[in-house]
Amino acid sequence: EEFLVGAELPLTGSLARVGAGMQEGVMVAAEVFNRTNGKHKIKIITVDDESAPAKAIAAVEKLHSQGVVAITGGYGSNNIAPASDAANKLNLVYITSGGVDDSLVSSGRKNFFRINNTAGYEKAVLGLIDDVGAKSVSIIYSTKEATSDLAKNIQKALEAKGIKAASHSFDPAITDFKPIINKIKLQDKSELVLMSGYENDYVGILRAARVLKPAVKAMVGVWSLATPKMASEFPDLMPNVFGTALLPYPATFESADGKAFSETYKQLYKKEPDYLGQFGYVQSMLLFEAIARAADKGSVKTGGIAEEMRKTSRETLIGKVQFSANGDNPNFVHRMGQHQDKKIVIVWPKAGATGKIAYPAVPW
Amino acid sequence: MTELILQALYSGLLQGGSYALIALGLALVFGAMKIINLAHGELVLLAAYIAYTVESQAGLGPVFAIPVALVLVSLASVCVYWTVRRINKDREINSLILTYGIGIILTNAILITWKADIRTTSSSWLQEALVIGPLYSMRSEAIFFCVSLALLAALWWWLSRSWYGRALRAVASNRDAAKLMGINPGKVELVSFIIAGILAAFAGVALFSYGVIQPSYGSALTVKAFIITVLAGVGSIPGVLLGAVLLGVCEALTVTLASSALQELAGMSLFLLVLFVMPNGLFGAARRRG
Amino acid sequence: MLELDRLTVRFGGLTAVNAVSLRMDGSGVLGLVGPNGAGKTTLFNAISGLVKPTAGAIRFDGRDVMRAPMHKRAHLGIGRTFQIPQPMHELTVRENLVVAQRFGTGKVDMARIDEILDFTSLAGKARRDAATSLALTELKALEVAKALATNPRLLLLDEVLAGLETSGKRRFMGMLKEMQQRFGVGIVIIEHDIETISSLCPRVAVLNFGELIADGTPDEVFRDPAVIKSYTGAGTGDGHA
Amino acid sequence: MLELSNVRAGYGAINVLWDVSLAMQPGRLTAIVGQNGAGKTTLLRAIMGLLPLKQGEITLHGKRLDGTPTWDMADRGLAMVPEGRMVFRDMSVAENLIVGAFNKAHRPHVAARLEAAYEMFPRLRERRKQLAGSLSGGEAQMLAMARGLMSDPKILIVDEPSLGLAPLLVNELFGILARLKAEGRTIILVEQNTERALAIADHVYLLQGGKVALSEAAANVTLARLHELYFKH
Amino acid sequence: MKIHSGVLSALILAYLVVPLTLAGNNYVMSTIVAALVTGGVALSWALLGNLGGMISFGHSAFFGVGAYVSALCSMRLGVPVLPAMLLGGAGAAAASIAMLPVLRLRGPYFALAILAYAHIFRIIATEWTSVTRGAGGLANIPGLPTLMGYDFSGKAGAYLIILTIVVAFAFIYAAIRASHYGLALRAMHDSEDATRVVGVNSTLLKAAMLMVSAFMAGVVGAFNAHTINFLEPDYAFNGLWVTLPIVAAIFGGYRTIPGPIAGAVFVSLADQLLFKELLPTGHQLVLGVLLVLMIILSPNGLMPLLRGFGRRRRRGRA
């Protein structure tokens, strides 16, 4: 039996890049699933939500009208919230890894699931700061929603621990970060800089830091930083920079699941898999498996997919996934990686570390 | 604190230099034809992406992209002119909408060609720090600041001394009368678009070497350029430099003394303030009514 | 009706109108002459609110109108024409008058508009597409027509007769006289042709370098040596054959 | 040498000139008079290429002139002082004058001609740094006239040059026109001041309703006769 | 006011035929609703352009302010949704008061000064977190109400409401245009001094047009907030609220009243249903091409162009 699954993703607009990354994971998941699961087939229909809430709703509605049984995808909490509401109204399961805002799981959506959350990022960053024992931190964050939420939570947590934390917000439109770095250099005099932003922000900040050379001991960032892409594209800027990372690079996939993923990914896209693809893969695979189970029970049309989703409990590429009643994955903890020698080494948590931490160490 | 402010002023100054380079082409066409080329930012961006292609494909430094960018961007600019030329009614308003449309086309063409990824130079030489006393900057910023000054001076000299500059202003002032003086308005305008293209090419290569680029940046560049043109006052080339530096310094000081989240706000407020208080810009002249 | 008290207008270092005091009562026709650049147009601009005087006072019917915006002055009854005609380009000739009447007087009276159109010989052009397609003299007639449509009590005419051929000029002058009698409008007219001025205006004021140098009947004024020196030139300037 | 034959021209669908034929002789002053709206300005615009012909042709020394772009007219030795002045409002008086000598051949003589222009109209010297847009009506008219002479044209076309000039300056102006003629220039003059125009003209054309109603040597035309013709129409 | 028979049949079609035939398809209905939202903004943009002679690149400012004011009024103050939408419009009109100084500006100055305001408002909405919840946005904005037993929160209900809003605006626009104020506004376009000396208070008139236009865009923004039930600064003040309406208005003819609405319906539907299929990334490119072609070939919209073709065809046959 073939099932249609909708992928509602930003392929244009401000989130186009991450949307494309997630899409790759979704396609890989479908490929792997169709190859390994003999009974059922999955067909993906992708609709671009143009990084805009209204378009996200329309995309979900369009997918529904084309007969999909569930939706995977979504990026940015601001697009996911209305899109998953629409899915909720249409009784479609919606699973994502692109929205970390807590309000997504706290406002009673029945068919909503996600595999990651702010808390997981926070734990990883705080864990690293603890490990290296920094006494003062400067946080630079974009005024975008996810970035500022994370920054504020971490600041609170740090202050609770008695660590000095100064924060600097910036409008996503700005490109020259020297004045901010200079403030950190001359006013804050922190030991560690935490960047909560996106790729272009990291590049701007690191460049400014390279020029002004503040006396910090480490540069730490969050998503999209400890990635092979950043390592290869900005070899001068990245050395010793920390960022959340699921995988070391070059990646070694031990599990069968992991091998299937990475091989298929390389086959389809002729490049090394990245974390976006990995999240997209995990969320989609869990969904496809739930669909298969529901199909076996004949309950696809009667809300069986959501039911099967709730029963999910397995090790995945991002660790163990289980869903709580509100659809969140409480097990989620990110890892921290560090760029070393054009490679990415996992340095936190100690248990999963693939190399030694370099600290103090800065890119310049 | 003084060190902080000194550095902010210095950063603002350098930033102003690059802003000036971006604004210059727009100001030139505006001065010549009373036409705001809303696709100007995209032309700059196009040059930046050409620099990226040259660097990533041929492995040459961004500076080697300049000749290629000069040719291609000027051509693109000429294409813009050819479309603008075909407007025969309500030129002021229609050209605004037309170039807005061209901007959309270019943005999306860039998106399709180069994808949404952010790009920047990988040359470490350009990114090295250049330290003068207590002041820090990136090497590329300082280099292109000088380039910007040189181009400004050249353009200024050309506009104020040469016959072409006068012809340009005559055409802007009264097309029919200019024809009677023996000026071919089409040729004059074409030349200003070519020069605007050349300036955009330099600006784009500069942008690529000290900043990051993304397909959606174009319109923000145009807006910055327009703000500077307004600060300068139409037709004032030295004004462009001063306006750009004013904007750069104002932004840097806002970040230093208040918050970087307010940087855009400060720029926009400065723009509106000047518009309201001095509608002719800081360096423009008043006109007679009646 | 109109009272200027030491009115002064400066542009930077240039004093275009220098302490001009002038009174005009009721419904006369006052001719305003003077060499080029003497400040005549600027004086009109100041009275109608287009430029802000540097010093002095403007009173209209005893009311101080120095600070009143342009449209207020139009409502009070000050109408003017522009030396370089400024029609409302996108409108037809008739619509030009409708706007002037509606906003100058608050109501629209088509009969009156037709009357004005006839009066200014524009009736034939009234339905043409846009006011842009008029010859220069037609544009001047339109200027007058627009001003008339606002029911002014004081009409400031800036060289409306220049460029008219003799017969047209004669007709136009007849029209002004009739208008002045019929509607009781006070008229100030700028005109360079001495013959015209002499036959039209019982009183003439002369400006030179922004200053009022003579004020009186045409005979008095044009015999004044200062006026002859600066304006008409010795023994010439009379248009008589 | 400058000849128009059967010229028809107008604005869009509206025709203004109907089969107009004229001939201008070198070194002569040809006056074109006519009622307001007769099409005098339209005729001059057509000669200068500012208005396309719908029919007919214009020749200069036997060579086709119509179809030549306006900006090449200066090369052929033509210059026009347009109606309504059309000065460059955003440029200073001096710059306006300098642009008048835009043509390459004239550039070396700019300084001398500028001086001559200031001699002719001293008021312009006083105002040389002022923006032309802020000049008074008469000053702008002087500027337009002086600017037209900057290219030292062989054929000068002037459209109502006395408009807005004070009596003293009107005298000046006709003196200048007479002098220009004496220098051997060909002049086409459109003027409402018929009397003064007749006094210096060699040949007179009367335009009525877009048609030539009279073509006569100026000596044979009296003011009275002209006025009679005006009213016959 | 006389109602043209064509207008009447279009109204009947819109009010009866569309909901009856398409109400079942959520996706198509929400695409049509989105098209009408664009149409409403396009109409408000065209009003300012056509009557006020002002081209704005910052209409998103009004759209966003209207959306926020309405959402906040209904969420924080408990104002019922429909009155809240009117308040949204009023809020946008009030915001336009802050813009009155730009009325002195013309052409590109005006266009981009308004854009500056849109940026400023977006930054304020982002930074004023205590009221707007900042970048996180407002979720769970109350939906459209149930009136007279009919639940308007569904797609068909939303459709009927936005249709009514747009139609009402069109009639207001028509009334203004036909009045003497419309004439005076047209007169002002390139000779403001000339209109002022005949007694037109041009500043007041232009201000009034700006406010009317702002009100319209504000109400439409408010409507959108209550149908999407979600709002964030980047979305509310998005440049797309300018691009699409401009393309729509130019395409349909911005000097006419039905033009912008029809243009919006066509352009939005074509964009979503056609261009997006042809060109998944960067389908806005087609919008840009459309805009450029329209300005060059027929700046007054498609109708004159079609009429021109028709005439040429007929002439060809004759």
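Assorted remarks:
As written, the chain order gives the labels A, B, C, D and E, with residue 1 at the start of each chain.
By definition in this document, contacts are C-beta pairs under 8 Å (C-beta built on N, C-alpha and C of every residue); 3 or more make two chains touch, one makes a residue touch a chain.
Small disclaimer: the values here were computed from a predicted structure and weren't measured.
Under the contact definition, subunit B and subunit C share the contacting chains D, E. The minimum number of touch steps linking subunit D to subunit E comes to 2.
Interface comparison, A-E versus A-B: the pair with the greater number of contacting C-beta pairs is A-B. Centroids built from CA atoms put subunit E at 45 Å from subunit C. Here the CA centre of subunit A is 77 Å from the CA centre of subunit D. Chain centres here are Cα means. That of subunit C falls 28 Å from that of subunit D. Under the contact definition stated at the top, the residues of subunit D that touch 2 or more other chains are 134. Multi-chain contact residues, meaning those touching two or more other chains, occur in subunit A at positions 12, 14, 16, 143, 171. Residue positions of subunit E touching 2 or more other chains, listed in rising order: 123, 126-127, 193, 281-284.
Those residues of subunit A lying in contact with subunit B across their complex are 12, 14, 16-17, 20, 143, 168-171, 173-180, 182-183, 186-187, 199-200, 203-204, 207, 210-213, 233-236. Within the complex formed with subunit E, the subunit C residues making contact are 48-50, 69-71, 74-75, 79-80, 82, 86-91, 95-96, 98-100, 102-105, 108, 146-147, 149-150.
The part of subunit E that touches subunit C in the complex is made up of residues 180, 183-184, 186-191, 193-202. Considering their complex, residues 49, 55, 57, 101-102, 104-109, 111-113, 115-117, 119-120, 123-124, 126-127, 193, 239, 243, 246-247, 250, 279, 281-285, 287-292, 295-296, 299 of subunit E touch subunit B. Against subunit E, in their complex, subunit B makes its touches with residues 30, 34, 36, 83, 86-87, 89-90, 92-94, 96-98, 100-109, 111-112, 219, 223, 226-227, 230, 261-262, 264-265, 268-269, 271-272, 275-276, 279, 289-290.
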